[in-house]
């Protein structure tokens, strides 16, 4: 994974991360999750003011600003200001915001009968920052270049879904050979041919790889310094590889063709490389230009939260949101004693979720999880708790199961975790578990690995430990990208990065995944994902621990705060500056 | 010793130092290459992204020449420094002029340019802090000699000692919260290039400078004080006193002169050390200099960036040490002559 | 490598290249005892060492241990601030509890002393060991050996410690005991300056009549080193080690701060500071306790180091000493 910078004190910054920093940077956050109803902070009162400069204070620099390299959920936050895509996320608060809506295209895509062919038509009058027209061929080219080894980094779905995608190496090789499974019969039409049914294709089309790139302007690895804008802003300055990014209005963008981006400020100044605690200090002080500032990658940490809760003015400037994300214990059933379901269940009963949540920042920053899928409607959330541990664990039940498994005198196991501080797979969570399992007679030895080593070890089928901390984030708000990579038996990778860490290869599960992928009714699909999650949960291959809650400060002069359940963070395209 | 012979000695000394420095830097680069070769972290996988297929990872590895044996990769690195390097952006071929330290695995930036972009930040931090700690340190030292035995001396020595005993990350954070957050006297440090706005440059860096200076000043105060006391104990000073030269003139002129060489030498030495130590300060204050970039590069196993930056830091350490050595030689001669 | 550097190191360390007249152990103690500040510092350090050694006993008296979580002693909804005044201080938890986890702070502080002092002491010993071996070998070995060893010393000096530590800590398997590893890395990466000082001293000693005589009479280099050099090197080495020790305590803390030091659940002061700094406002005692402990320790060690130096080399007594007033100055 493209990992983030200085390991320490990413307390706030890191919490967001799904996989990659790129995703983090991209994913925004959103306020108002299900429960705290709505962020009206600042005010949804009068019509938002147009103009002014919005400052963005970030910890991670926008090192990748090439649409081919970005790994985003829903097109990202800052990137989405510059790159329009075929479809995009609905810029609304809460659950409404987890829906996919058209962007460059006139609709979210027209599938054939079995969802293997998807056709899109571009809106009329779409223009780049230089006034030239955006064509369907540019979108095809943008996707093709994301296959080049020079521009790697994006999500795996295009490679896995498009016919011929697995072998294609991008347009820079073989005299610009294209990908035949993308057709552009005319300037406004684009057709995708998939090698299997994928009802969720419209979600995929929100990612930045679906942004148009004019072939004549492509400069390969140097394109990210000044990518050609199709969105409301263009890059005016890009200093030090994304450390400072100044965006100015793209005068050729027309609000008439873009129902999603509000683009109120005239100028957006993204400053990064700032320590997370400094970002939060600056946002709370909110002086000068910081009054019109937001952050797209730094959450409030527990210590800062303690300060904010005691201050009404500050509390009114906190946006709360939920991004589809689960932190869990993973087992490798090939390693003893975790081959015995009773041992796995015993651990599930012994877990003290109160301690774990405290270690993760307290009840305001984490919600207990008993399901693998995030607790949101769009994922098809179906509540279940197969091994009820209550708030603080059921050591008696755990001991009983251990006795049945033949460990009446207790058990010693090794828990592998990452050494990254304040990261969800880090030592804090591990020690909380160690303490809780002690009560059930399970002695836990901790094995902390440095960050890179940890991901290499855990995602290699040959070295995967038996008992470790893991997490998974949503590529889009649906059960598909959450369940398939982890539980689809055909996604087990023997010689590379493997995410099916429980090595589950069950025909009934695989078949159900295929069946759901055929559905183009996304609500119906969500229900089926939820049911599948509940069924897989019985196997106790994972012990879900918690879903994070994102809380972020914004400056005094920030208005029109919108936080969707898709990103969980404030949507920068909606923000207005007083 | 004749002047010619001295010059000859000095030239010989300089030549030996230069050769020594080159050998030292080469050794450092070899060590880093080996250490990172052994270190875990699959560079190709990191560059390619977490969800890349084995085939894609292979392609990336090939494109970054990670499949080449270690000695070949090192050889190409040396070639780049001497003769430059060509690299492909996908759509065209670019030339990276000698001395080319290679291309970042992660960002495709030329390492040489990356360093040139970060160096001003680190220099601003180190040189500014050094000026401040020399002023505070030497000032305190002189004052404590001037007022020796009185309460002022005790307070000053106590304060400077307390400075030495506090880690920079504690002082830095507390100062930042109090001075920038609560009192709002200074802005939260944020690098503004000198060329863009000198006033803002200094204003923003004042806090990092102060934090570093508070910690370092103590050693200078102690060195200044001891060198001065030593001079004061010398015979010629007693003679001055006997002739009725005022105490102010003795301390301010003669004693202080004795402290100049050792203090400057220590400063030269610390300059090198501070370049290496910038890792901590820059991370602390979020300043985009060499140190912070280096930590990031280590975390993502970005070998070309790590090698390039460690070499640059090593270069300054070696040069600064050489300067310190020469200054000490000069200082010694003065002692001998007097 | 040139001598001047040594002068510099010596100036910093407060020893002269010119050898102090060898003074007996008894004289040393007498001189050390004459310094009130140094005695006080020694007392503080003795107390710290005692506390570190007796950590299990002390926590048993308190009835706590450093690793047990007390989720009910923190307010989960507000991020995990300890419940009660002064961070939950009271009869059960003498110094309150840690935010988020509710672990006992007194227990973590006294166990942390073990790690901080232990790591720094082992690192210092390792630095001294390597430094003396390399320095003496360079001085006594042939021209070629001297070249190689001196060059190696230069390389070590020019390597940024933090960066090497970051890289090396990643290489060693996760199961390796972390405090040992941190001590080893500090020791292995930061012995450059002591090696230089030892070499310079040894070179000067080599020319002295009795050493030269021993060499001429056919003693092997090993015997010369052991019988003639090492005793004479004791003074400068001890002086410099006294300077390194507090430095190593800060280095351990700094490594932990950057996230590459000692790992939880093992408490070390640096490790505690890393997590505590952001709690400055919400739970100040969490930051102040380890910071205070670190401050007192480093201060005491520095003052004691000055005292040791003065006792070993009375001629330098007036030099780098601190806060010791006029009396001794007059003597010097």
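Chains: A, B and C, in written order; residue numbering restarts at 1 for each.
FYI, a contact is a pair of C-beta atoms (placed from the backbone, for glycine too) under 8 Å apart; a residue touches a chain by one contact, two chains touch by 3 or more.
A quick note: this is a predicted structure, and the numbers were derived from the prediction, not measured.
Visitor: Measuring centre to centre with C-alpha atoms, which chain is farthest from subunit B?
Guide: A
Visitor: Comparing the two chain pairs, does A-B have more C-beta contacts than A-C, or is it the other way round?
Guide: A-B
Visitor: Starting from the mean Cα coordinates of subunit B and subunit C, work out the distance between those two points in Å.
Guide: Here subunit B and subunit C have centroids separated by 22 Å.
Visitor: Between subunit A and subunit C, what is the gap in Å from one C-alpha centre to the other?
Guide: Once rounded, the distance between the two centres reads 45 Å.
Visitor: If you average the CA atoms of subunit A and of subunit B, how many Å lie between those two points?
Guide: Inter-chain centre distance comes to 39 Å.
Visitor: Give the residues of subunit B touching no fewer than two other chains, as numbers and ranges.
Guide: Where subunit B meets two or more other chains at a single residue, that happens at 40-41, 173, 177, 283, 295, 299.
Visitor: Any chance you could list the residues of subunit C touching two or more other chains?
Guide: Those would be 170, 257-258, 277, 280-281.
Visitor: Touching two or more other chains, which residues of subunit A qualify?
Guide: In subunit A, 6-8, 277, 450, 452-453 touch at least two other chains.
Visitor: Going by the contact rule set out above, which residues of subunit B touch subunit A in the complex?
Guide: It comes out as residues 40-42, 45-57, 59-60, 62-63, 88-92, 94, 106-109, 114, 117-118, 173, 176-177, 180-181, 184, 187-190, 283-286, 288, 292, 295-296, 299-301.
Visitor: For subunit C, which residues are in contact with subunit B within the complex?
Guide: 1-5, 7-8, 11-12, 14, 151-152, 154-155, 157-164, 166-168, 170-171, 246, 250, 253-254, 257-258, 273, 277, 280-281, 287, 291, 294-296, 298-299, 302-303, 316, 318-323, 325-326, 329, 332
Visitor: Across the complex, what residues on subunit C touch subunit A?
Guide: For subunit C paired with subunit A, touching residues are 67-69, 71, 74-81, 99-102, 169-170, 174-175, 257-260, 263-265, 274-275, 277-283.
Visitor: Hey, which residues of subunit B end up touching subunit C in the complex?
Guide: Residues in contact with subunit C: 13, 20, 23-25, 27-28, 31-32, 35-36, 38-41, 148-149, 154, 157-158, 160-162, 164-170, 173-174, 177, 219, 222-223, 225-227, 229-230, 233, 262, 265-266, 269, 272, 275-277, 279-280, 283, 291, 294-295, 298-299, 306, 310, 313-314, 317-318, 321, 324-329, 331-332.
Visitor: Which residues of subunit A touch subunit B once you look at their complex with the stated criterion?
Guide: Going through subunit A, the ones touching subunit B are 1-8, 19-20, 22, 63-64, 71, 145, 148-156, 159, 166, 169-170, 172, 218-222, 240-241, 243, 271, 273-275, 277-278, 281-282, 284-285, 287-288, 450-453, 455-457, 459, 485, 493, 495-497, 499.
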